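Below: one structure in structure tokens.
Read from first to last, the chains carry the letters A, B, C and D; within each, the first residue is number 1.
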């Protein structure tokens, strides 16, 4: 008879066990895996803890190293420069936390920006007037396209400034949730890349501007309309102003100011797209770095679930940023495409002087290089987002679970990339087709080329 | 011994429970989720109930607000206008319910439509005769293409009218089954957009026609063949008629009537494609709105199953509509492409007068704008259908079930879009490649341009 | 105590039931479904049984109706025609069963075919010699391309003839396994379509040849080199022969024979691609018809498994046929593309006579129509293969099983279509891009056209 | 009472069985399958064991047959040839095992390679100088592009040489793990194909060089600047040297040496891409052969899991190789495209002599043939990687398990192919679009062709 209670108890246990039937397997595995992960993590941490005990660091280097690796901090100094050039009038860009960011219509920055927009509008109107009073050709509309794009970008940047605080807050939320950087070096990397891109870009742009001035002075003296060389120079570089007004020093200064600022903004829009691309790509990289650390290991489903949600968050961030800047991207790309075509068309003609040749080839190479840089940096967002798949492919058979499956299917089917108003996605493929288009166009041009007199004195000179 | 019956009962319970093993989990979760959903729904309803308690509404506004948000009601007034212009002779388009729709070969509308088709056929024959008696070029076939497309669209519209009642009934079935609109505003939106598009389109088309008349009168007086300015005008705008017949007032009136109607129909085909696109996109939007309300929440599998079937139904509706109108879409797109190319080719020539220049640029910008509008509105069907994926991506891990998986896979792999006879799908990508084609063509043209005398007096003038 | 045995029995039953736990659900459902299917099937059969009880049928019609719907029977008569024109020398093409098919190098058909290949080779050599002795242009290589393609197709057809018996046997195996046709009408359809396509194609081709003769006679008398009009005609249409040899009646007859046969074969290769496409598409259709009959119903997994394997078999059949005929497809497509471009280029010139104009436009329209027909018929294979997805989308939630999932994933990811040597797949998309290419090419041509004297008397005339 | 213990035992068994519930099915099936596989394998082995018992084999054939089928052994002799031409200075390329491979900056091979790079750099500088001192055109930059690519490839090859030992070790690891070859013939195949491709390529390249010399001698005597025919020849073929220096024998010898080596390297880069492609494709083939052997059979999940990991490994190998050689691929493709365009452009001109015509057409056909060969061989990597899917489609319903599903999803979604710096993937599709581009370009050229005097005596001649 004593078998019965035993049996009863066994039955009760059986009952429970049947219920837990499909939970047992998983939890047991989970525990084992998490233990192994813990060990691995500790190992990794130890491994990395040593090298950062570098004894002496200069104060500035230390500061750089102690950056928290956030995008907000990385772009702070870059945005300050932009604000100096009347773009993106946001307050608090150098603050420690994105919550300090704010936009106000009444701030001095916004007023300066609005003032410059008005000034650019006037300049654009003058250019338009001059162009419409001359026969229109692919080459002659260059000043309108140049000034028009600058104006458009200025207005988009003003609008972007209003959204910037929220965008940075969202970015902050995504960043906080991502797997932490293992080393100070990794934290420092994104900010450093952005600064370097900005520095190199600005320096080359400055060099080009100097060369353009030299070449313009040279040109002005060659065409010399008046005795005063300075007047000659301004008459040439601001022909749209002096087409309607007679020469006066204040107007010349205004024109010069307008030219310098426009050139900066024209360069800055490419830098800005690169900057955002570097930021987004580095966030994907941060996730991928974590996945690489655990590549081929048996991870618990919760690990994958977390990563999937982080991946999703970066995708959403990507979309938000794309919505905010896609007009700038569009303008930047079509501008570069147009200017390359125009410059290549000009390259077929003989140069009037050595100064021109040097300026021309420097500016052409700078233009192509910059276009390539924007294309490749922005394509890197897409490339990094696809890279995640590589680590998912190596998940061992045992820890292949619905979460990994869902993650990998999402990575496969989503196209995560910056876009030109959703009309085209910025991928490496696009670079090829753009290059192909340019080459084809050039081949046709070369084949049927007759030397047009594009360098005559009546032509609008400056950009 | 009393343990045994107890055990027996336990066993019986166990037996039942083992059977229910895989149902328990789900039902428990379902209940919990539905409760939370109920709460959420109530919350949402309350939130939205307040704003619609707007105190005083004018009668007409009230009526508009009380629309049931169906496509049938939204397009009613638009189709009435079409019937006035001899298209789509369906009875009951302004009725409350699609079951009132009917088509009959003997109705007065159908007769009018058939009569106008016959009249257009005669006009087309005359145009063809004139064109074949002159050297053929890309530019000179314009009248045939214009009148030919109008004729084709008229016939397709007649055929569409026969299917319209069934189509609207199917549409009604799909709509009834969709998640209900939360607010009167949402119901009112689609109808409002369609009306606005129609209104703006028709007004611009009317403005263009007036300008065309002004420019033609100007042109006729410049070329003046006869003393009578009115006769001159008709001789120019209906040159295909007076190429075979001598001038007579009734013929001139017929020609004018033909021109006005043709112009309307030529514009209307674009409007029609936009209208259907807005309708389809808004149905996807209705579904997406519901999904957004429950984004990130734990929903029962039946919720997803319902949504999937609703999504499927809209897809089928999309395909049915595409089959019915894809010939119109094809004609509309190729027409726009051809006319943009011809107009851009003409734009290289110097204009004979200011009236011409104004008309020409207005009509060119209207044409490009309209083409862009058709492209973007029809691409929005595809965009909205893809948007669903965004909400499926946010389904939490716990409620990820086979139904959600199936739903998301269907959204990924299906290409839901209007098409041009299945040869191309109307997506944002298409817009880019069409724009690219036009730009390339123009670049080649500009490069090798010699001023053709496209504005001479012997040229066929009116479109 | 009597509870115990009862309990024991219950336990035993429980034990069995636990084992069957995951089979119960399915089998129960299966039974229910199959019953409903049976009812449905009977209903369908009854529905279709009535209409075929048509009282009186003429003997030939009856025979046609009693065809077993196999591809072998459908193409029998078409292949007999080909054999008459020295192509595809297979024995037993009109036999009831594909097992009667055989190929032998010693059969009279093969000898005839080889003889004609030798004769064509000689003719090709003569053409090549003539072309190389004149300046080469896009237009002047026409005879080489024409005769070269015919020669290539002849050789491919000979090789295909050797594989034909095995191919037809495989086709037979696939067909036997497919769901049976419900009606005699469905069986009869594929054969009828193939015959109609062949008949219309051959008649138009014959009409074109007659017109070409009329135009050539007209042309010969205009250029008349000698007094004899017949001699003139042959001198013109076989200029490649009389470029090296002086005129003689046997040579003229040989040339004429060569021309007639070449023209037939040139047309036949398009017909052949269409024929195979219709066959393959109709097999997919047969499967889709069965799926449509059970659309939205709860079917057992075995049903889906069977359909999947049948689908797979047709895909494999498709690939086998594609491997066998893809060279013919390639030649047919590139030929059509080249000839359309050449003819369009010629169309810009003024015609020397009305006979020429009639022949020219008839032949151009026939060429474009035939190209379009080949494109669309071969694209239909791909279209039909994708259609299967539509029925899989409607599988109800309850019968969604791994087999349906696997089936639908295979349909989504496979590209089933005929191809041009795997370089391009024949889909509707291809038609668009080919049309786009032709239009672009024509636009460039038209823009820069100068009237070339393509119709001079020294030009090689006959295609 | 004796029922109770029995029941207890039954319960215990039941308990165990419930736990094993979902393992039973699988393990039973596994056993049965593995048995059938074992039988099949034995059968296969027996089948293949007989044919390799070929009685007498010559020693060299035997050696070839006894190769272990590794890529390292297959490319050994090919790399020795490259080293002779100053490329890829790796030690131990003919060793039995890749572990013997080593690279050292101080080895004689590396020094020779560096020396030749310096020499090429000088030559490139001279070419650049000459070209910049003449008007630039599509045709005139040929020498720079030729010498520039050779220089670039030399440097990439040097860098590749450093990575070669690790790459070959990785390759070895992957190969060891793959399913073994069944026959000696299969082992021997890859090595044989690579040797044949190399042999044929080198012989044709040599023949072309001889022809080029004959034609250049012919040309030099025609233009003769000096009395000495040898001097004339060198003055023409090394005009970039004698543009800055006066004629001297050592310089002529250096120029000749430079030409011979450059030509070899220019050809070798295509051979190299083909070689790697053949190697990668044959690894996929090895896997596919194994899958074909078990096609349609019931295999255990472990079988699929193993195959999937092997497939993954080859994919990773593919990516590693692609990263290492993609710059070479890029240079090879753009070079071929450029040279085909230039040669086709030249083909429109009349040839100065028969020797020129023979050389020109031979070199053109060789160029097109080589380009086609590179394209098709490199596309075969992609084709073979997709072929795996065919066998996965035939997995029977019973053995369809998550591993097969994962495997097939990975094959579907991955694009495994060599690439040109990730800008384009080498697939059959690319071949078509490249061919299309060339044809379009040629059509435009032909249409607007005016005979340019590309064969004048002042033109840079060699390559």
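Everything below uses one rule, namely that a residue touches a chain if its C-beta (ideal position, glycine included) is under 8 Å from a C-beta of that chain, and two chains touch if they have at least 3 such contacts.
Everything numeric here is computed off the predicted structure, so don't read it as measured data.
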Q: Identify the chains in contact with chain C as well as chain D, in label order.
A: none
Q: With centres defined as the mean of C-alpha atoms, identify the chain lying farthest from chain D.
A: B
Q: Overlay chain A and chain D by their C-alpha atoms and let me know the rotation angle in degrees, rounded to the nearest 5.
A: 90
Q.
Are the interface residues of chain A and chain B largely the same numbers on each copy, more than half shared, or largely different?
A. different
Q) What is the distance, in whole Å, between the centres of chain B and chain C, each centre taken as the mean of its C-alpha atoms? A) 36
Q: Compute the distance, rounded to whole Å, between the mean C-alpha positions of chain A and chain C.
A: 51
Q: Mark out which residues of chain C touch at least two other chains, giving numbers and ranges.
A: 4, 7, 11, 14, 18, 21, 409, 444, 448
Q: Would you tell me which residues of chain D are touching chain A in their complex?
A: 4-5, 7-8, 11-12, 14-15, 18-19, 21, 137-138, 305, 312, 315, 341, 402-403, 406, 409-410, 413, 422-424, 437, 441, 444-445, 448
(Q) Under the stated contact criterion, what part of chain A meets chain D in this complex? (A) 3-4, 6-7, 10-11, 14, 17-18, 21, 383, 389, 393-394, 397, 400, 405, 408-409, 412, 428-429, 431-432, 436, 440, 443-444, 446-448
